[in-house]
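One chain, chain A, links the two complexes that follow: it is found with chain B in the first and with chain C in the second.
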Partner chain A sequence: MRETPESLVVDPGLDETIKKLTPEKIQTVVEHVLTKENAARLKVYSDTCVHCGLCAEACQTYISRDKDPYYSPVAKVKNTLWELVKNKGRVPPESIRDMSRIVFTECAVCRRCSMYCPFGIDIAYLLLVVRRICSLLGVVPAYLQDTTNSHAATMNQMWVQQDEWIDTLQWQEEEAQAEIPSCRIPLEKEGAEVMYSVIAPEPKILAQLLGNISQIMTVAGIDWTMPATDGWDNSNMAMYSGDFEVMGRVERLHWETAARLKVKKVVMGECGHAFRGAVYDGPRWLGWKFPPIPMVHAIEFYYDLLKSGRIKVREKYKKSVTVQDPCNTVRGRGLGNKLRYVVNELCESFIDVDPRLEHNYCCMAGGGTINCGPPWKRSRMVSNRVKAEQIEATGADVVITPCHNCHSGIEDIVGFYKLKKHVKFISEIMVEVMEIPDSLKA
Partner chain B sequence: MFCKDSWDWQPDRKVVADLSRLRSSYAGIEEFAASPDGRVLAALVKTEDDQFTVWANGQEWPDKFELAWCLRFSPSGKLIVLVRIDDEWTVAADGKSWQERFEYAWDPLFGNDGLVVGIKYKRENLYGIAIEDKVWEKSFNGLRDFCLSPDGLRAAATVQVKALREADIFGFFEGVWSVAVDGKAWDKQYINAWNPVFNADGNTVAAEVRTDICDYTIARDNEPWDSRYGCVWAPVFHPRDNSVIAAVRNQGSWMLYRNNEPFWQGRYNQMWNQRLSSDGSRVAAIVSPDFGKWTIAVDDRPWPKLFSDMVLAPVFSPDGQRVAAIVKDGGRWTVAVDGVPFKESFEMIWDPVFSPSGQQMLAMAENSGRFVILANGRKYHKQFQKLWNPVFSPDGKNVLLKYIEDDKYCRQVVPVEELLG
Partner chain C sequence: MYDFSRGPLVWIAFGIFLIGSIYRIVSVIKLAKKDKVVLPYMTWKYGLRSILHWITPFGARNMRLRPAFTVMTYLFHLSLLLVPIFTLGHAILWRESWGIDLWALPNLLSKLMTFIVIIAGVIFVLRRIADPAVRFVTSAGDIVLVILVLAPFVTGLMAYYQLAAYQTILIIHIWTGALWLAIIPFTRIAHMLYFALTRAYMGCEFGYVRHSKDW
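For the complex of A and B:
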């Protein structure tokens, strides 16, 4: 395999863990995953791919790295999965290290390439199969593995203790009451219409988002609740590290918590991968065709609130804005037009990106890539120069990112490429511009 | 059970509390709770000076608190709430606060008789369990899942026995999780441990444990089963012979095991929430025989009727002869009894309640914010603003209804025949 600056990156999750691998172990795991877990779908894809390379133009890593073919989607598959298939798993530990690097840090499983493949081959899925192999072998970038470990131990992705969770909600309820006295974050309210679930960075580092949603729910008059037990975190990095058993456990708890609280639907905060985990990958691994209780993404929720007039805009946001389309909710679910409706309702000047909607480029932070942590940040940045150029071309002051990974990823890009832009969630703008009825004012 | 015999079972309707009057007396009403016998309505209220107290049938508790939440009646009618006093948390029960104060205290559980309450607590960044104002001798770096023995006198919890440095994946995979019983951790440590459970006598504990990246099993009193599985779900004890029964994932499908031996022969796409009849002679579990299809299997025989959306944990009749479960199909909820769903479906439905003989069954359901009672699947003609789960009298002749209608909380005893129509 070719040496690149990235192959020199030090990560104990790759460098140390391969020391324990034996050829037998590698072979057993590869064989298990290829024959027991994925046989049929893999065969169809491997028989179908004609190695035409049309998928290359789709990938931000390929485009950003001066169209180096090594970073084309098909090359990533060729250098990982096809190697394993061709050699029937007889590859040295060092190869597993390289493959792990490729599949975890050089592909954000964004699925843009599938749209460019004439046969619609789900290349991201193929790379996820390799992630599964790496996970079973224990060769996963350390920070991503740690996130999965957090899911396994605490059922949330940031080691949030149960008391911290409840305490933060109570504190944010008080913060929200400073703005609107009747604000609540109703805990454990059985029979509420909506369970609101979030991802762990909200209580851990972005607590004000919880206060914001309390204000939005209060103004919109929603009957809602949040669990005071584990099961509140809808995110799922285990889905991306390839630990499907932990993924399933987290999703099961999330859905059983919603069922225990007797809610009619779950509304989730602004996160893309969490939507994928809770709506697609998690339920399917557990045996559900679709989520057992309807799940509404924040984009759809805000769309409904604005469309129905439950939230009215007092004065539109003045700064010019653009958007990042989260892959999992826009390419994966088609929420791009609703996102634009919301942004246009809230903001005076919206400048769209090009390409846009399902054709927009990935932020290169999703798919678990940002969770691979500081060692890989530079690689992520180099892999997404095209995103910096695309955002810069809009001339907008603010990038709206209705996804936590996009938010952090675009912030990194703004910093790395010195773009002089601000990055915001929809809810941050919504609380700023929404009309608070006199009856609710202090 | 809980002296239900001594409750007033005379058919009658009493207005216990007028909620609009209550609302006008306080700055805010945060939570309501109705006592098991229905005689008391309690509310967590916010006073004009921004403090909290508990109001119960017109009486206020003497103490006020900086913050309070989680107002609950125990099965025997003890009223508890979690309170913050001088920036520290504790439990207040029937108006009296515990002596012990904590950095944080949460997740109250009751023993079956309802006299004992246990909570999780945090002190100086360490975690433990307190039962009736007595704390564990040892506390731990982390604590997650927690249960009480049926008599409420013992507690078990999954605990993190060693601190880990940030992102220490190697330390994590050496295993730092275990199960602590009454504050003493098992000697063996695991990568993870979840869902501890006591047997009926409260003298043995089982839990799910993880021993390698993808190796899972059940451990009982510090001893893991010999075999490892691709995944496991929460174990339960047999009420008579103390064997441990759990669903395990074996070669890609789920099976029910007992003491590490196959118990059911059926292989399922998914299986969880197994429940036993009170004498342990029958077992029912949620199963998915095929992808996207769910039902209840009783003694390894799935109901022929399958449901697409969701099936919740099975409920046995007291004599163990009948099994009911909440099911959801096509976006609507209902209850299925012995495999047959009610004709009508709802926006929401609650766990069914069997009469002592098992012959009758009640369930409460909700459509567009209005609550109804279903008696053997038929809708009782009255609707309610809010309803609590109905309770059968010990002789099975009457039913206690607790509800809110016209903003008044009422306690009503209704003959079963009236509900059956």
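For the complex of A and C:
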């Protein structure tokens, strides 16, 4: 491994943990993961890859770092998985440290590269296999591991206690009532049409979003509820840290909570990785083909509300806007056109990004990268210069990001590259421009 | 020597190729059954949709990003598949050995296609050396493989133009061709066997499961 500014970053999650590793332990874990947990895909992908490098062009880290070959998707696989396979797991602890850095902080498992490899090799999956190995070895960036620990202990990502949770919901209910007196955040309402799911950053640092949704639900006349118990957060960083046991617990509790409340569907707030965990990774780990109850992402939910006229627009948003297509709901759910419909309905002037839809660049905050915390922020920023250029080229004033990771990631980029842009969720614009019927006004 | 090469050797090579290929594909499908999240998510519709997009020239964005390379890759693979089967000299062998009457490529075309294979192959090797992203992941084996693939084409041309002792060069041609055929299932040329499988799987992951597209 060569020395880069990134390889010199200090992170106790990597530096301290490798001290406890022994060669035998590494070998056992690697063998277990490669032979017991993974079969066909790992084998076929390794045999099929023709080392053509055509996936390089897909990756924002490669493009942003002046096409440094070290950052192409296949190079990341070479530096991690190929090494482990070739040496049958006999690698020194220092190598595990480097591999952990690569797979956790230099790949956002955005899966863009799978669309550029002629064989459709799922490189993100291969790098997740390495994350799994690192997780079982305990070599995970400290901040990311902390979110996983939080999931394990509290079932949410940010150590939110149940009383804080209920308290925050009631506080935001009152905030919403200041706008529309009949607003509620109904807790534990059995048989409601919709259970609304959020992730822990909402009660913890972005509580106004809960007030916003209360207003939107009230105006649209939706029969909805939220749980008062654990099971409300499926943001699931464990899915990305490689702790699939905890991931499974989080998703199971989330779906069991929805089942207990006997709701018809779950609406996932503006978060991409929570959607991914609940709809794809969680069910698969639990042995279900698809989620037991339909889940609708906020983009689609808002689309339905606008299309059906349940939400009407009083006056469109004036500033020019562009969007960040979140990987997990656009590449991962095909919601790109619905997102554009929503944005055009709400805003006067929409300027599209290029490349767009499934081909959009990742925010480089997803896949747990932003959760690796401050030590890695600079690296993430350098890894996504192309995103800054792409946003700047639109000339828009506001970037709409219907995903928590994208939102924080784009805010970081706006700050780091000194772009004069604001970053907003859809719901923030929606409450500003929607028509509130007279019957609901005080 | 010549008789052995023309007879049993070719049979053996075909045998290894066929049995090896079947073995590889069957064992992959068996493995896929163990990897529980593969087969349940596969459908013909989305699998074929993806394959079609990726065998159509310029059917995917990555192909449009590099037009010259795309054209070259297509011509290379097309020629690589067609020439060995349909070149005139081989068509005669098909008839003599198996009584199969195959349509044969016009001489000029098969010469042209042979040149395409050789030139494209050389460019592939140069690209491996010149493009840092490709060089970084290239191993010696990758280069040896291209040489092995090109060998029967080069010797075929040499035989055609009678550039060396005809009998000798023909024997080398047959041996390299047989080797080429026999190693398909056991080297990275196996991507020929796996392409449809990996592509179809990803097509379904994107199309059937995720309601989006992968090209």
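In this text, the second predicted complex is superposed on the first by the 442 of 442 C-alpha atoms of A that agree within 3 Å, B and C clash if a C-alpha of one lies under 4 Å from a C-alpha of the other, contacts with A are read in each partner's own complex, and residues count from 1 in each chain.
The rule is simple: a residue touches a chain if its C-beta (ideal position, glycine included) is under 8 Å from a C-beta of that chain, and two chains touch if they have at least 3 such contacts.
The shown structure was predicted, so the numbers you read here are calculated from the model rather than taken from an experiment.
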{"item": "Partner chain(s) touched by A:E245 [first = chain B, second = chain C, both, neither]", "value": "first"}
{"item": "Partner chain in contact with A:A56 - chain B first, chain C second, else both or neither", "value": "second"}
{"item": "Partner chain in contact with A:N38 - chain B first, chain C second, else both or neither", "value": "second"}
{"item": "First, second, both or neither for A:I166, with chain B first and chain C second", "value": "first"}
{"item": "Chain B versus chain C as contact partner of A:P292, first or second or both or neither", "value": "first"}
{"item": "Chain B versus chain C as contact partner of A:R331, first or second or both or neither", "value": "second"}
{"item": "Chain B versus chain C as contact partner of A:K424, first or second or both or neither", "value": "neither"}
{"item": "Common interface positions of chain A, toward chain B and toward chain C", "value": "287, 289"}
{"item": "For the chain B and chain A complex, residues of the former touching the latter", "value": "28, 30, 67, 69-70, 103-104, 106-107, 120, 122, 127, 142, 144, 160, 166-170, 172-173, 177, 191-192, 194, 210, 213-214, 216, 230-231, 252, 269-270, 272, 288, 291-292, 294, 308-310, 312, 328, 331, 347-348, 350, 366"}
{"item": "Residue ranges of chain A touching chain B (in the complex, touch as defined)", "value": "12-13, 16, 36-37, 135-136, 138, 142-143, 145-146, 149, 152-155, 161-163, 166-167, 170, 182, 184, 187-188, 191, 228-230, 243, 245, 248-249, 252, 255, 259, 262, 264, 286-290, 292-294, 373"}
{"item": "Partner chain A, residues of chain C touching it in the complex", "value": "28, 31-32, 34-38, 40-41, 50, 54, 60-62, 65, 131-139, 142, 188, 190-191, 194-195, 197-199, 201-203, 205-206, 209-215"}
{"item": "Chain C partner contacts - residues on chain A that touch it in the complex", "value": "38-41, 43-45, 47-54, 56-58, 62, 67, 69-70, 72, 74-75, 78, 114-116, 118-122, 280, 284, 287, 289, 330-336, 355, 358-359"}
